[in-house]
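In the two complexes below, chain A is the common chain; its partner is chain B in one and chain C in the other.
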Partner chain A sequence: MNYLRGVWLVARKDLLSETRTFERLSSMLFLALTILVIFNFALDFSRWQMADLAAGVLWVTLPLAAVLALHDSFRAEREDQALWGLLLAPLDESAIYLGKLLSNLLLLLILGALTLGLSAVFFNFNLVPVAAGLGLVVLLNALGFAALGTLFATLSSRARRGEVLLHLLLLPVAIPLILAAVRSTTPLLAGRGLGEVRPWLQLTVAMDVIFTTAGVLLFGYLTEE
Partner chain B sequence: MTATSQALKLALWAALTVLMLVALHSVFLEAPAERVMGDVQRIFYFHFPSALGCFAAFAVVCGAGVAYLATRHLRWDRLGRAAAEVGVLFCTIVLVTGPIWARPAWGVWWTWEARLTTTLVLWLLYVSYLMVGLYTDSREQRARAAAVVGIIGFLDVPVVYFSVQWWRGHHPVIFGRAQSGGLSPDMWPTVWWCLATFVLLFVALVGLRISIAATEDAISDLEERLSQRG
Partner chain C sequence: MMPPAVRTRALSKRYGARVALAPLDLEVAAGEFLALVGPNGAGKSTLLLLLAALARPSDGQAWLFGHPVERGPGSSAGRRAVGYVGHPLIAYRALSPRQNLEFFGRLYGLPGLEALVDASLARFGLAEQADDPAGSLSRGQQQRLSLARALLHEPPLLLLDEPFNSLDSEATGVLSGALRQASRAGRTVLMATHDLDRARELAGQVAVLRRGHLALRAEAPAGAQAWASLYRRAAGEAGE
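Take a look at the complex of A and B:
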């Protein structure tokens, strides 16, 4: 079987089962919305400069909500030993990893788009002129997050209280990703161009490459029985 | 345990005891008081070697992880975990001695300066590595998971370092004015004594931790065999 087709089939399987219930997407969005509301009370959005606050709030909300969805990406595979079936398929292990990564990435992008829209409403800023830049930031960071998250979710899905473990593992490693995301979002929201945040985007691309490569190489070790 | 390894161990701990006394003498009685900071600067002799030890420990964790995945010998897993525990200990010493020094020197306990921030994130990373062990049951599973987390954590270290440097907008200063760059020449012997002591302390603690882990593994092997019989 063609490698890329294998990747796509794994991703399609995940997305298809997600569209049957929208379980992961809805819980993730609900959590994001709740965190935004709590932030409103904690920081009082009306009294601050939007650009200073929004970036920080956005990049606390998104990773926390993302962890929720990432943990569930392997839960279904553990039930009834579905992962065995997947591993027995004539696919390279790394294709399974990349397929999972792709479906997780798409979920995170939907989360990112909807959360951006929500915060535009809550923070009262015009999303249209900054949409392209912010979209790029969300895309690059979601990729790094999905790469790490897919790998660690494989690991945490077989641990006791795996969801707690995933938080403990993923968030510290993702600190540079979050830092880069905040640093690129703040100037963009203040109306400055992409050129200004280029070093941060380059750093994010570097992290994406490092984490995805590491994921491809290490995933196989985590699926062994 | 053979008699030679027993003797070797005894020699190691004896040497460590002697070195510690020499280093303490050197720190408190031989090294000159710093002109501006006074006696408070002496904490540097504990701070700096711990920092080096903690970085070295985390390199060992990564190396042991790679070696475990390549060979599947639990010996490497025990080395990785031992090094991580001692690394976290040293990192904690760095994070505690730093603020004790910073309070009189800078006027604040903590500042989000690049090196401090990096060290704190490093500490978080390796505590999370140790957490893996608490959440997994089977030994092989835990060893594989820990190896993967150790490798990813180590890959993360340079990224953390660079992002934090840029965030603070400073050019990296490896040996800043506040640290060894400002040391007067007659402080260096003390630094070397302390470095030697901490290297030996590191080796001794990791060795001790490995032998405890080996005993733990042997006990759980015995338990498994007993339960199979019963």
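Take a look at the complex of A and C:
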């Protein structure tokens, strides 16, 4: 079995399951929409810079909504031990992890795109000139979050209160990633270029590499009975 | 000389202080049908999990057809040799039986998959439910799906953990027929079961496990009385 084909088959299977119910995508989007509406009513736009507000709200919304999807990504594997079917197949364990990561990343990118669009409406900013820069920030941070979240979801899916455990594990460890995202987003929304946020993007890439490598190395141990 | 289908040397598993399987030496020749019997907690399921590489042994080693049982890169030859059916469904509830079989078939790189899946669905009586979500199937149908998945890549070794649990008579008949057919086709079968009647009907060899130890390994006797007496003697105290 070609390694990359194995990765794609696992990701494709997850996306196919999602299209049968749209459970994960719809729950993420409803949570994101709820948070954005609440902030939109709660915040006084005359007292704060729009870029500061929007960056903060965006990066509260995305991680919280993402945790929902990440937890559910492993629920289907543990329910009826479908994961055993993957582990029995002639497929490297790291390919299973990367396949799950890829499907989670694609869902987070859909969430990110829709949340950015909604944020532009609620916070009244023009998305077009900043779309490329913000898109890159969302992509890099979603990758780190998906890498870390897929790893922790593997672990927490074994626990009775897995969703609580996932929040407790994931959010504290992901704080550097979220801070880097906020620090990258604010200048971009204020109209400054990518050059200004380069150190934060480099930090994010480093965290992406570390989290993905950790997932590739540890996934096999976390899936043993 | 052909290596045995299953060979273990001092294979053991502990969960903390609890010994799930004491060091076990076992050989099963290719083509044998071995019934693993014993009371709850005897180590039957643990042995099958270890042979399927779903659990890591605390000590010792196992080989399937001469290939070491292990996970990670380079272990695909051993994995291709195994078809595993356990208590759980080992399939995706949201996907249909057809989608499940196609997915697992692609993981094994099986050629002519569409025709193979159609034939498998028909063989296990799932053609009518082929496009329903697997979660909506009855327990018997789910068990048939599990067996269809395990046999799809035609593995030479079947590891079955209580495959007849909670099955209706129709599903039991289908499963018994499939196992007889697999055995006639020369596949090696290790079946953990509490059902002595079913074991007597299918198996040519019997191993009795008790509290993680191999208490007996013998040719399966003929007759229900002989089976019951052999089991009582090996499994020890009444009630176990």
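Brief remarks on what is shown
Here is the rule we go by: the second predicted complex is superposed on the first by the 220 of 225 C-alpha atoms of A that agree within 3 Å, B and C clash if a C-alpha of one lies under 4 Å from a C-alpha of the other, contacts with A are read in each partner's own complex, and residues count from 1 in each chain.
We adopt the following convention: a contact is a pair of C-beta atoms (placed from the backbone, for glycine too) under 8 Å apart; a residue touches a chain by one contact, two chains touch by 3 or more.
Given the structure is predicted, the values throughout are model-derived calculations rather than measurements.
Residue contacts after overlaying the shared chain place A:K13 against chain C, while chain B stays out of touching range. Using the contact criterion defined above for the overlaid structures, shared-chain residue A:E224 touches chain B and also reaches chain C. Legend: residue contacts after superposition of the two complexes on their common chain; A:R158 is shown touching chain B, with no touch to chain C. Judged by the touch definition given at the top, the superposed model places A:T21 against chain C, while chain B stays out of reach. The partner of chain A that touches more of its residues, comparing chain B with chain C, is B. Shared-chain residue A:F211: touches chain B; no touch with chain C. Of the two partner chains placed by the overlay, only chain C lies in contact with A:L87; chain B stays clear of it.
In the superposition on chain A, no contact is made by A:L108 with either chain B or chain C. Of the two partner chains placed around the shared chain by superposition, chain C is the only one that A:E79 touches, whereas chain B remains out of contact.
Looking at chain A, you'll find residues 224 touch chain B in one structure and chain C in the other. By the touch rule above, chain C contacts chain A in their complex via residues 49, 52-56, 71-73, 75-77, 79-80, 82, 84, 86, 88-95, 99, 103-104, 106-109, 133, 149.
For chain B in complex with chain A, the residues that touch the partner chain are 69, 121, 124-125, 127-128, 131-132, 135-137, 141, 144-145, 147-149, 151-153, 155-156, 159-160, 162-164, 166-167. Partner chain C is touched in their complex by these residues of chain A: 1, 6, 9, 13, 16-17, 20-21, 76, 79-82, 84-93, 220, 224-225.
Taken in their complex, chain A has these residues touching chain B: 148, 151-152, 155-156, 158-162, 164-165, 168-169, 172-173, 175-176, 179-180, 183, 199-200, 203, 206-207, 210-211, 214, 218, 221-222, 224.
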